[in-house]
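When the chains are written out, they are named A, B, C and D in that same order, and each has its own residue count from 1.
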Amino acid sequence: MPRKLRYGMVGGGRDAFIGAVHRKAMALDGHYELVAGALSSNPEKAILSGQDLGLDQSRTYATWQNMLEGELKLPLEQRIDVVSIVTPNHVHFSVAKAFAEAGFHVVCDKPLVHTSSQAEELIATVQKSGVVFAVTYNYTGYPMIKHAREMVRSGQLGKIRKIIVEYNQGWLATKLEESGQKQADWRTDPARSGAAGCIGDIGSHAENLVATVTGLELESICADLTTFVEGRQLDDDGNLLMRFAGGAKGVMVASQIQIGGENDVRLRVFGTQGGIEWHQENPNYIVYNPLDAPRQILTRGSAYLCAAAQKASRLPAGHPEAFLEAFANVYVGAAEAIHAKLEGRALAALEGDFPTLEDGARGVKFIERTVQSAASSQKWTAF
Amino acid sequence: MPRKLRYGMVGGGRDAFIGAVHRKAMALDGHYELVAGALSSNPEKAILSGQDLGLDQSRTYATWQNMLEGELKLPLEQRIDVVSIVTPNHVHFSVAKAFAEAGFHVVCDKPLVHTSSQAEELIATVQKSGVVFAVTYNYTGYPMIKHAREMVRSGQLGKIRKIIVEYNQGWLATKLEESGQKQADWRTDPARSGAAGCIGDIGSHAENLVATVTGLELESICADLTTFVEGRQLDDDGNLLMRFAGGAKGVMVASQIQIGGENDVRLRVFGTQGGIEWHQENPNYIVYNPLDAPRQILTRGSAYLCAAAQKASRLPAGHPEAFLEAFANVYVGAAEAIHAKLEGRALAALEGDFPTLEDGARGVKFIERTVQSAASSQKWTAF
Amino acid sequence: MPRKLRYGMVGGGRDAFIGAVHRKAMALDGHYELVAGALSSNPEKAILSGQDLGLDQSRTYATWQNMLEGELKLPLEQRIDVVSIVTPNHVHFSVAKAFAEAGFHVVCDKPLVHTSSQAEELIATVQKSGVVFAVTYNYTGYPMIKHAREMVRSGQLGKIRKIIVEYNQGWLATKLEESGQKQADWRTDPARSGAAGCIGDIGSHAENLVATVTGLELESICADLTTFVEGRQLDDDGNLLMRFAGGAKGVMVASQIQIGGENDVRLRVFGTQGGIEWHQENPNYIVYNPLDAPRQILTRGSAYLCAAAQKASRLPAGHPEAFLEAFANVYVGAAEAIHAKLEGRALAALEGDFPTLEDGARGVKFIERTVQSAASSQKWTAF
Amino acid sequence: MPRKLRYGMVGGGRDAFIGAVHRKAMALDGHYELVAGALSSNPEKAILSGQDLGLDQSRTYATWQNMLEGELKLPLEQRIDVVSIVTPNHVHFSVAKAFAEAGFHVVCDKPLVHTSSQAEELIATVQKSGVVFAVTYNYTGYPMIKHAREMVRSGQLGKIRKIIVEYNQGWLATKLEESGQKQADWRTDPARSGAAGCIGDIGSHAENLVATVTGLELESICADLTTFVEGRQLDDDGNLLMRFAGGAKGVMVASQIQIGGENDVRLRVFGTQGGIEWHQENPNYIVYNPLDAPRQILTRGSAYLCAAAQKASRLPAGHPEAFLEAFANVYVGAAEAIHAKLEGRALAALEGDFPTLEDGARGVKFIERTVQSAASSQKWTAF
């Protein structure tokens, strides 16, 4: 087993939600150790959060700028290898750019940045510096999603005709942002969340699922975005018709006002030879309907799954794996890529299976085009 | 128990599918007896089919015109009370109009007719003759759909925001019409099926479910219709965005190429106070998600259901009821209305709960507007 | 189609539950018509119930003895062909014996009679008179149970090792019999229900499912019966270990106090080559687990099912069938056997598939042995 | 956050299964760091396994005896705090006793030891040394099991009447031990596994679930154990009737030959006021059936759950948690207890919620009594 990668975290301090998820995901397989942090945009809270986590005082930074500066002063063998960016969206761009420019590997939460021009700038930066850059589209980390991807890409479903993707939530059915709930607060604020609410926060996950599993390119979309809760500044519900290059059609439902939806992500893909269905709320199964043969239930941990699904799995069939393991799989792939860089070698087969900067950039474009389509009276907006 | 109603059937002979379903549904509760029939458009087959069913030879007609003429010659106490029209769609109009004009009550399969002008003509005819006219949108006959309607109409879900309706089939994923399969043959033929394939055959059921449960009026729609199977003449897949008067939004998925879909009808309705979900493939349950309280599973046959749902139910909870009982409920409602007419009295409470001619007409309009929207480059087509 | 069989019903009048189920099941396929009845043990109620059903006054009998006498006086071509006995259990024996002796075919509800000696007497009677005798163990009428039987009998599951059968109810979790609820009243009364409560009422269904599907003979049982509700006279919960000839083992759970159980009948069968699972609350599916291959979901109406399952099915896959159709299948099989008798011919292939008098007798023995085992301090009671 | 606890592991090296699960569970929340190991009974493999895990060479021990000796030589602030014992069963006793005597805290896999006298000896040892001792009955670590426990203990279900517990597996349906599969090999070997196979390996989990959730004491049991696979030395299937003090009844099904069972643990508990059902294969839900009210689905992460369930949860509702988090919860509770010991303070509310040595001892007794009952011709064996 190679050495643990040293990481610093930006964001993820007291009151944050997703930072702790990233830390648990990174801890799970022993590939990473936390050695530095700028854990809040509030310098005082940043320091206290570092204490909470038992961080060395000298590497508990008040700001990410301090962290960048401080780490660069350290000898290479102490310096962080990688930065994990888990702030609200509006902070992603400057942090990611600065660290990537300075030669640090980057894992960044999604949606990547606010605009496609930012995304392009980031791509240029990363191309120049040659760092590894992963985006935590965590749902594609599920072993059964990797198997779904294999079923589609290998042609087992035939030519793909139709895709239905959903992300059903209900937590914003009331004006929760007025209650002081921190997650609701920033996610409904255009300044921090970006041009879209629901479609940016969860529609972008849906887009990534479809792109990852099918590899199909969106040709045009037709979106209807709604803000159901009065006074809210961003959309809390979005529905899309989609057309893909090659003729496949799609439907996306993303909502934060569908009461009863917890984190109900669902994907259905239909081809000429069969169809599949997957639900994240019970993610260890794929329902597979071959043409003219009985329905099958494929279960994680089974010997008949593809190599990528087997590699992404930690437990025997029937012992359920879930969200954290899927999240951890993104970090496993990033760790493999970083180690390969450190060792100056190419990735081995099955290594480095994680959502890339290009996935992140396409996700930003998806949000932009969706907002544009929703505002248009034309049916189809080219992607 | 009032006397059995005498019915004649048009269509439903040898090789037909839906005619036998109608007959079983009519037989179930003892409200009807079959006494006459013009059971096929092929006169020879019509006669043989009458023999199959043990029909009196004198009332086994070679054509529906013969049946109309023959029955009118009979004394009132022998003559059929009601005609059940179970032919392919293109025959509905003339038969329904002729029998309604002659004073016979009518139960007609869906979609009602090919054009809105035919529908209007039929409405005028029925208004003049005063007969009972039911359309067998059978899914709204399910007890749990009646309860869903009550939950929405009584305000239990608050103001309705979002509706997702699906009818997922896969049986036309290949060019089945070339195999000589009779159902595939006429349903993919514009001359018999009408201007739409999938959206007419099953999308119209989805429309009726939404309208029945919510009572909301469509304001505009945005449709994408596709013919995936090469050489097919009508759409085999349709996806719609919907806007309702009052601000609710909707999504409809109807498909005949989603392999694995058998007759997978699903309805989800979300309001400000809760959401519900129903599946026809396991129709005895509603998943009910109240705002800020645990999810509930409502079960058919339970004492907490509304009166209409209880009346529509024949068995205790846990003993499943299904498609035929729901179908029969349409006929029960029609029988109540016919008996009320025969007795010259108004309907009692809960009596006469069935899809009407107006439902049928709106369904025809839905098909027209969907086809129109699919052909349009404008996003929204007014309904 | 052969002529409708004329039937008379004993029991099933006002306030009865199961009589109406039988009538609907008999009506469904048009094989039977009701022409006579002794519909209640209360003569007055018997007459009123006949009026409710529109029975001819001359054939609405005050007692079953009157019906027997009256019908025998009628010419053969008017006389009932078959009697349907739907009374509480204690009445089955005398009615069945008398009608069978007089040459009428019999369909009798379960459990057949109170004692094995009654059952043997009945078998002797029927052997002498040669009438058709069916017992309405309705759950074995489900198409998917017929397919399960085929999977086991054809060896698809290999040698059978283990059977788990459950009938979970909760309706008697409180002392419902004190409320005047008629079903609870007689079913908890030893004089009418017999020596067992739960195990007689629903355990006997479970026994029939196992015997029908597997064909295995019980070798010995070990039963634990409990009366949880204070003051109740019969068991309301029963759990059994079972041993079958040939080495298979089994577990039975039958309960009327498991709150939330509606009519939750479940069957699991495991062999050396695979296992299957079926639930009556969603009866159109079998979960099939082949050894070392993905789980399959078999769906009613599919072309890959066995001939008996296909014959027992009325609707395409996905349009659910349920309890009434399964019940009707018992009557279809009986009608086929009666017509064969009437025509003096042998049954054709797939005809006459219904639970027999021998099934009924074995069910009575099962109840006796279970009660005996429950009272024994020995672990195993020979069957 | 208190300092990480230093742990040494016995067992869990190359080819082992459960050791890696323990390590991931310990890593998840950052409470533990691995600093020493005697990772295999094969000294050579033990050393290689230490290298795999990046253990310091000086603390990669060839045997557990070496580890005990070596660690005791280290100053307290370097020495391991706790030993994690993840060997096959037969090794548990000597290791646990030796380390507990030496003052190390212990986390031991289940079943605890081979005999009740060993268990008692261990209890005496631990009482003397005062160390924390946890047994990894991991299923009781699930948040929804903690909530089930609260529902029962708080009286929400009324007086408990009936318990059905299942652990359904199929992986030993063939003679897998002959294939060289390591897990199958030792688990079917009496010398290493103990007096029972299936009932020891997974029946003991089922026992712990029941005891933890209900707190009821077994009064007597009636067991049927079977070895279905020819030539196997231990049972591979076990079914039990159970009687609890106070009158509750129970049924246990544990099997390794039910093909299709992956790790299908299910628990149902019924009281006078309601019933609940839980499945480990989809562990984020409890089906709750209150008396005379609609069924509810309780979901992990919800605000209405009890404090212990909320504390045991890491993610919002809908983002599934699973096996590893439940496993980690055992270690979280142990860490809390160890820290309390280290700090010389009592446990705070909700701290130290893990299966104890007494749970382990009762589990051993359960296995003994079950084997005894299976061999007895008496129905009930006192517990």
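The working rule: a residue touches a chain if its C-beta (ideal position, glycine included) is under 8 Å from a C-beta of that chain, and two chains touch if they have at least 3 such contacts.
Just so it is clear, the model here is predicted, and its values are computed rather than measured.
Colleague: If you tally the C-beta contacts, which comes out ahead, A-C or C-D?
Modeller: C-D
Colleague: Suppose chain centres are the mean of their C-alpha atoms. Which chain sits farthest from chain D?
Modeller: Comparing chain centres, B lies farthest from chain D.
Colleague: From the C-alpha centre of chain A to that of chain C, how far is it in Å?
Modeller: 55
Colleague: Using Cα averages as centroids, what's the distance between chain C and chain D in whole Å?
Modeller: The separation of the two C-alpha centroids amounts to 44 Å.
Colleague: Where does chain A touch two or more other chains at once, residue-wise?
Modeller: 261, 287, 295, 299, in rising order.
Colleague: For chain C, which residues are in contact with chain B within the complex?
Modeller: My answer: residues 1, 3-4, 17, 20-21, 23-24, 27-30, 52-54, 169, 261-264, 280-284, 299, 301, 314-325.
Colleague: Per the contact definition, I'd like the list of chain D residues that touch chain C in the complex.
Modeller: My answer: residues 161-162, 164, 170, 173-174, 222, 224, 226, 228, 237, 239, 241, 243, 249, 251, 253, 255, 257-261, 268, 270-275, 277, 287, 289-291, 295, 376-380.
Colleague: Help me check something: in the complex, which residues belonging to chain D touch chain B?
Modeller: 287-288, 293-299, 302, 304
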